[in-house]
Amino acid sequence: MDTLILGLPVAYYIAMVAKVLVAFVFVLLTVAYATYAERKIIGHMQVRLGPMRTGWHGLLQPIADGVKLFFKEEIIPSQASKFAFLIAPLVALIPAFISFAVIPFGDSVTIGGYTVPLQIAAYYDQAGKQVFDVNVGVLYILAMASLGVYGIVLAGWASNSKYSLLGGLRSAAQMISYELAAGLAIISVFMLSESLSLHKIVADQAGGAWYAFKQPLAFVIFFICSLAEINRTPFDLPEAETELVSGFCTEYSSMKYAMFFMAEYANMITVCAVTTTLFLGGWHGPAFLPGWFWFIAKVYFLIFLCMWIRATYPRYRYDQLMRLGWKVFLPLTLVNVVATGLWVMFISK
Amino acid sequence: MESIFFLVVAAVAVISSILVVTCKNPINSALSLVMTFFCLATFYVMLDAPFMAATQVIVYAGAIMVLIIFVIMLLNVRVETVKRGTHAVIAGSAIGLFILFQTVWFLMKGSMTGKVGDMTKEQIVSVGHVELIGKALFTDFLLPFEVTSVLLLAAIVGAVILAKKKI
Amino acid sequence: MLGAYLPILVLVVIACLFGLGSVVFSSLIGQKKPSQVKLAPYECGCEPVGSARERFSIKFYLIAMLFILFDIEAVFMYPWAVLFKRLGMFGLVEMGLFIVILFVGYVYVWKKGALEWE
């Protein structure tokens, strides 16, 4: 066991590959079943049944959908820019599927004397018993989120269709506006945690001292802005079916369309996981169940909340959306930062 | 192992930056530039500067390139509408060759390494890169930091004036 | 250092393979019956009129420009937020000044009507 490869023990590599594969498959399955859950939940909220035919209560529906999409015809519009059109779905999908690498989904487990932190991009220094994770974990997620805009803008532009271009542009302006507000909202969390490493931020919230209680304003703004950034209802203007016929992905078909869809759901999972990590205490919970259970339970609750919001609220108008982002959330986040600073300096001493 | 990885990333960086100038379609050029920024971010990570890497992606790839792509779309540049002037090509390659020659010259002389700072790899890992940058920025380089805000203010005013004239 | 970043690299490779693989696989097994009408851009079932790549509102340019500027501000605030308790009162005052100067810019943008979206 003591053989070192590039300065790391063999057990590290085994644990790393296992973590990556388990997390990837888990996210993939969650994406597939989130589509099913969304149809089922919204169906029941609208007094319908949702999918019922494929399997028991439609449980095989996501698999049927996947197989169907694989067999669909691939259409590349004759006037499209081929290269950009082909890579746009990949550009949307890849950042969505790699951003969960830094999220801690549990504390740590010890297998055969080797302690493994339940976070993909982290490891234990066996000598010092100290966790090393990506020092700038939050910034890594923000960076990946800021790349999401490319997939959509490229898809919109490359299709050379008027609906796509409009959808892509609107989406890009919306995403960057809300990315800004979301990025500013979490600054007040770092002021309390004094770290950008997600492991430390979660460790800081032990014993029910969640940042959602200390920073309720930041919590609400961050969650709403994240919904807007990933184009979820009520901010799903880029897709606005009744107006833009799916917006940026009007011209897409087959697996390439499915990839935009998967990217959207993967982003939703990431957003819910980040919100859990930053504000809802991550893996912390009553000790009778393991940490990862609490983490997944909180994430699934937030995903359910997203679906509930979708079933409840009508879509925003574009001018209202931009006003909300730039004129309400942006100043509020700055005020929140200053207020947190003053509170920490003068009151909490 | 690390040097092999470095060479692979460096090769990607060089190829994509060549594509930036040779691509006929401006959007593809912009995408190649994004790829180059990614390679730079990878180098920053390899140099134990994760904060720089994140900033590189957030600001350059995530913000500035989005603006550039917007401008390309806004101006609706047709594929290769303007023929490149011969003068520009000659002047550009002359300057490029001169800079290349200069770089190689200094590398050969070995005077590019400069002075080694007092930060070590172990220090960066144990204290944290963000903390070190922050400490330098908010104590030693306080004035430049405050001046930056004035610069940003000027840029905000400039952006509004430029755009508002045409509305 | 390596230990924390290697998994990200592995994940990037897996995600790329998954994306490329599914696109290639679906284009191999999917049917292909292209026709001129099918390959035309969608426009409510009518013949497409002109190119989609027209010039669009300068609004989008302005939003992107303002985004860069405020994004740079945010990037400066991250290391400050991490160090804030250690810098103490001094840190609060210097960031307060930074925010006030940018807030002036923000008020200017607002008053000039650059945030309106009619």
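We call the chains A, B and C, going by the order they appear; numbering starts again at 1 in every chain.
Here is the rule we use: contacts are C-beta pairs under 8 Å (C-beta built on N, C-alpha and C of every residue); 3 or more make two chains touch, one makes a residue touch a chain.
Just so we're on the same page, UniProt names per chain: A = NADH-quinone oxidoreductase subunit H; B = NADH-quinone oxidoreductase subunit J; C = NADH-quinone oxidoreductase subunit A.
Predicted, not measured: the structure shown is a model, and the values here were computed from it.
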item	value
Chain pair bearing the highest count of C-beta contacts	A-C
Label of the chain whose CA centroid is most distant from the centroid of chain A	B
Rounded Å distance, chain A centre to chain C centre (Cα mean)	15
Chain centre separation (chain A, chain B; CA means) in Å	27
Numbers and ranges of chain B residues touching at least 2 other chains	51, 55, 58, 62-63, 66, 70, 73, 125, 128, 130
Interface hub residues of chain A, defined as touching at least two other chains	6, 132, 134-135, 139-140, 157, 165, 169, 172, 176, 179, 195-196
Multi-chain contact residues (two or more partners), chain C	1, 5, 53, 56, 60, 64, 66-67, 71, 78, 82-83, 106
Chain B to chain C touching residues, read off their complex	45, 48, 51, 55, 58-59, 62-64, 66-67, 70-71, 73-76, 121, 125, 128, 130-131, 133-135, 137-139, 142, 145-146, 148-150, 152-153, 155-157, 159-160, 163-164, 166-167
In the complex, chain B residues that touch chain A	1, 25, 27-28, 31, 34, 50-51, 53-55, 57-58, 61-63, 66, 69-70, 73, 125, 128-130
Chain A-facing residues of chain C, complex	1-8, 10-12, 14-16, 18-20, 22-23, 25-27, 29-34, 36, 38-43, 48, 51-53, 56, 59-60, 63-64, 66-67, 70-71, 74, 77-78, 81-86, 88-89, 92, 95-96, 99, 103, 106, 110, 115-118
Of chain C, residues touching chain B in the complex	1, 5, 53-56, 58, 60-62, 64-69, 71-73, 75-76, 78-80, 82-83, 87, 91, 94, 97-98, 101-102, 104-106, 108-109, 112-114
In the complex with chain B, residue positions of chain A that touch it	6, 81, 83-84, 87, 132, 134-136, 139-140, 142-143, 146-147, 149-150, 153-154, 157-158, 165, 169, 172, 176, 179, 195-197
